[in-house]
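Labels run A, B, C and D following the written order; every chain starts at residue 1.
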Amino acid sequence: MIVILKSNPNPNQLESLKNWIHGKGINIHESTGDSHQILGLVGDTSKLDMDLISALDIVEDVKRVQEPYKNANRKFHPEDTIVNVLNKTKIGGKNLTLIAGPCSVETEKQMIEVAHAVKAAGATVLRGGAFKPRTSPYAFQGLGKEGLRLLMLASRESGLPIVTEIMEISQLPLFDDVDIIQVGARNMQNFNLLKELGSQKKPILLKRGMSATYEEWLMSAEYLMSEGCEDVILCERGIRTFETYTRNTLDLAAIPVLKKLSHFPVVIDPSHATGKADLVEPLAMAAVAAGADGLMIEVHNDPAHALCDGKQSITPEVFAKIAKKTLSLKAYLNSEEA
Amino acid sequence: MIVILKSNPNPNQLESLKNWIHGKGINIHESTGDSHQILGLVGDTSKLDMDLISALDIVEDVKRVQEPYKNANRKFHPEDTIVNVLNKTKIGGKNLTLIAGPCSVETEKQMIEVAHAVKAAGATVLRGGAFKPRTSPYAFQGLGKEGLRLLMLASRESGLPIVTEIMEISQLPLFDDVDIIQVGARNMQNFNLLKELGSQKKPILLKRGMSATYEEWLMSAEYLMSEGCEDVILCERGIRTFETYTRNTLDLAAIPVLKKLSHFPVVIDPSHATGKADLVEPLAMAAVAAGADGLMIEVHNDPAHALCDGKQSITPEVFAKIAKKTLSLKAYLNSEEA
Amino acid sequence: MIVILKSNPNPNQLESLKNWIHGKGINIHESTGDSHQILGLVGDTSKLDMDLISALDIVEDVKRVQEPYKNANRKFHPEDTIVNVLNKTKIGGKNLTLIAGPCSVETEKQMIEVAHAVKAAGATVLRGGAFKPRTSPYAFQGLGKEGLRLLMLASRESGLPIVTEIMEISQLPLFDDVDIIQVGARNMQNFNLLKELGSQKKPILLKRGMSATYEEWLMSAEYLMSEGCEDVILCERGIRTFETYTRNTLDLAAIPVLKKLSHFPVVIDPSHATGKADLVEPLAMAAVAAGADGLMIEVHNDPAHALCDGKQSITPEVFAKIAKKTLSLKAYLNSEEA
Amino acid sequence: MIVILKSNPNPNQLESLKNWIHGKGINIHESTGDSHQILGLVGDTSKLDMDLISALDIVEDVKRVQEPYKNANRKFHPEDTIVNVLNKTKIGGKNLTLIAGPCSVETEKQMIEVAHAVKAAGATVLRGGAFKPRTSPYAFQGLGKEGLRLLMLASRESGLPIVTEIMEISQLPLFDDVDIIQVGARNMQNFNLLKELGSQKKPILLKRGMSATYEEWLMSAEYLMSEGCEDVILCERGIRTFETYTRNTLDLAAIPVLKKLSHFPVVIDPSHATGKADLVEPLAMAAVAAGADGLMIEVHNDPAHALCDGKQSITPEVFAKIAKKTLSLKAYLNSEEA
């Protein structure tokens, strides 16, 4: 951490700042320039409060040198995290995991049909929403508990593990048989929920907040890890920008960046990112080529009558085509690298 | 609602769309242009799912004519909402409500000193955080229950009603003696929390999410109102943009826009919006001139040692100066209007 | 175009609006709903001024149904534009065009070395900046005329056509021997420059403005086409968002979206988009998989001493590897489609 | 400037970096931490190329301590710049300058009527566009040379100095009798234009680019000043964000921030910022309260028939009311400060 002092700092205040820093077991290297005096703080500064130092009268600015996350940091955890889901599928490594299913769970027939169809096409995880975060209180809010029951039924029928979104802590007991718990974009900084989930023994799929930076996202993963969770999966689903043609702007640079800064598998959700069914295939292909570990795709047996987000859903037939193309692409890329 | 069809729509699909719309009790006016055919939907379309219609093969686009919120809508609720807090202070109308106090509750001495100081300066509501949403799991997370106790102690000592942030539903029983419950920016779309809070009999101060549009914000107010809450206070605290010199970009157009679209009082938080103590005064003045009903300002008796967000805190002395200037400005503006 | 009227519009004003619209040769279809009256405008509305109508007292809102661009519109120009550069290379169709070279032209030795190297690796167009738009007046501004001379020398030596950026109209005479003229992001809405360039007989590579929407970008292409230019190449180079880890956020959805809305070839510049050399390869691969027609990559024989933007430059050796991987990927994708 | 090295930097490369820095007359202070080694560069680093250093293999990051602008910097130019326009009006200091007139110059009658009306209401500068940057090639592009003639006619008739926008260098000879030259948002980084204008002897009103940071904006002012221009007026006109209800988001924090970082007068344009006539008054009031030196407001004698941007124009009557309120507010604020 580097502390840049204002010109002519009050000597008593400077002395007391230095003493306080030394008291934290941190050494100080000083540089005096023409216009600024600088303190270089040497030691474990990850738990030092930048804002506190910035607030001092004699301080002009404080800059971090080290990342503020430790457990999530590739530097301290050089190997890739590979998430083993029930010994059925692995997310990370050389795999491309296809996670597919409807936005909302609606009926038993729908779930079972879709589960069989996506499995046949190559998906290894089934998705489906039982609790749905909807902008409007008048929109369909999901089937809730009954939705979870249908999801698990489809899981048993198809043999696919499931991922589904939790919206608040009190729902946790209902998630006992859920294989991967999803934290949605709107809850990425619901810190209480993160702490609670971090102490579970389940993989967590953590979606990026609509306007979250990479660092904030990794700090949310750090919340999970600081409570003991090892199996975090990051999911990019588009960020909010000025462009309104697509629902969000899919940020595929997130894939190589997150793989450099951290050790987690990265999954891409092209359906939510764009909100348009015809953009799913090209962006799914792009995600695989950029190194994504998985894709999360909305599939509905009757998209035009889907109860939510129908616009971005594709049919099982279209999904089968996308699955084939993306899995072939992954195989091609793996063979090129070998 | 206007449905724009693709060119040469399949006649059977068009027929079945029309039947479905009629089945909802909605009339259809058709226009056929050179390049597009348009259906004008006439009736109560507020509960019609735009996404569902957009998803149809024959549909190119759907545009709303009516706002998707009803209770929050000025059109259906023309009078200003004025929130009466314990018969002690009113938020809205001709008043300028000053809400002041530290970011985090730290000690009894701090809270009582600050409470007396801000009351003497003209504040009528005391703020302070007991549960703090912090980006890092290693940062100070607030005193929790003990913080609430100190806050209520300061409230009794000073006679000021209090506002403090709730972070999850399970904390609700602890908020029995809190006068105004704050929903933070990160929870603006925590819909379960909103539904739960909407059925309480307390005013709710709803902060704008970091990247929430006016419409999304009003939809969150609609969640509160749809459960029975009448006393919603909207609080603008800056939105996330590309500019990084200030922590966020304070959007003061929100004041006249929200007063036009809805009927709620609008409060401005210049402290969080900018993250810089020296910007609080000019932006507080600007907010009052734009018609704000209140200001929410961080005040700390020792900003340089504040446990969180010290950078944006000001001393009681500086607050007294800002309070004097903003209250005088409000009096001047009221007298000009009279 | 759809005009939504305010409730109870003044009948005289409404009459005069209708007469004015009819006077433009446009028909009106009216729908009267519970809360709003709507005018559907039928005919060629592309030259009707939306803002003018919006400004009327009786009008609540105006919504477009048709895109405001004609020449650039896929609907009126269904075939792909394929840009033939001097019969040496084609941009568009099944090709992947690699455009490579240094950010700035510096020395004869540099240009000739790089030109030979990138040609050997598979590039078919040479890039290099002679006039450089730099944020600071104190930063290197390019070699200017001498830079163009060196660029053409390298072109003759290598046989590669060249693309280079023009910064203002008065430079045009110097661009006589330039094969493709580049309009930079900061000039995307320099409308005078666009009009002037549109009447040249040269292909134009039009970069997306830092905060330009797809529609604004296509309107700038429309400026070029409205003056007679047929050979427009669109180049996505990242948009400005809140994320600061990368210089910009590369928006790869632009590829399928622009190919749907318009008929132009789309080239991706991963170097400027990210500002980081190690992100160039994964994003180049992603661009190809999403259907890009070309890649524009900064290559420098000595990146650490490049006079501008060295951070994002890669060596000829690294470029050779990326060229091989992306061209193989394109061949693989073409063979899969066949 | 602070250079953060990667762990275990190559000693030869480090040695050569240090020699290169010393060769520029800059001293180096070294700090070695647990995880990073840091070089503090002491001396005049304003002309050192950050990107060049960042590009080196052994460098992890480079951070600036000093601002990259000198002439524009309050630190090196502590007094306020007050722009004297023809001894008729001063922009800056204790004044509130009202700049008013139509978006586009249309007819002689319009210009003369508006000029007299806004002068009577208290405006001291007349605005009007002769060359208009329009997104669409089919929209009205301004009257050009004839527009300038009408503007000067109205100036002579009313005695008001004029400000009008230049769009490219070749138009400069036509601007001989223009009192203040405006650089529009789209040209804020048209560096050739800035350099040319900087060597004129006229005040320049420099609008903020749609997605320009404060630093980029000040660097553009630095371009003007580095060519000799002393009289720069900064004009905030809204930035592009995700919110689409208003055309742009007006950033009023720009006023105190720019007055702290630089010495220029700051003018606010609430008309373009919001694109809505009813938001002009509240945001004009807010701007004055935040310390703006001037307001730029679109006024049209017949807004509903304005040829461009009618939506945001107000009538002379409404302008008179806003002028009275804002000038009274300024007088009130000045008297409070005295």
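Going forward, a contact is a pair of C-beta atoms (placed from the backbone, for glycine too) under 8 Å apart; a residue touches a chain by one contact, two chains touch by 3 or more.
Since the model is a prediction, treat every value here as computed from it, not as a measurement.
Common partners of subunit C and subunit D, by the touch rule above, are A, B.
Across B-C and B-D, it is B-D that has more C-beta pairs touching. A rotation of 180° superposes the C-alpha trace of subunit A on that of subunit D, rounded to the nearest 5. Look at where the CA atoms of subunit B average out and do the same for subunit C: the two points lie 39 Å apart. Note on chain placement: the centre of subunit A and the centre of subunit B lie 27 Å apart, centres being C-alpha means. Taking each chain's centre as the mean of its C-alpha atoms, subunit B lies 31 Å from subunit D.
Counting only residues that touch two or more partner chains, subunit D has 211, 240-242, 244. Contact residues on subunit D toward subunit C in their complex (touch as defined above): 46-47, 49, 51-52, 54-57, 68-69, 133-141, 167-170, 186-187, 189-193, 195, 210-211, 216, 219, 222-223, 226, 240, 277, 303-311, 313. Listing the residues of subunit D that touch subunit A in their complex gives 2, 4, 29-36, 38, 40-44, 61, 63, 65-66, 75, 240-242, 244.
The residues of subunit A lying in touch with subunit C in their complex are 211, 213-215, 239, 241-246, 249-253, 255-257, 260, 273-274, 278-279, 282-283, 285-291, 325, 328-329, 332-333, 336.
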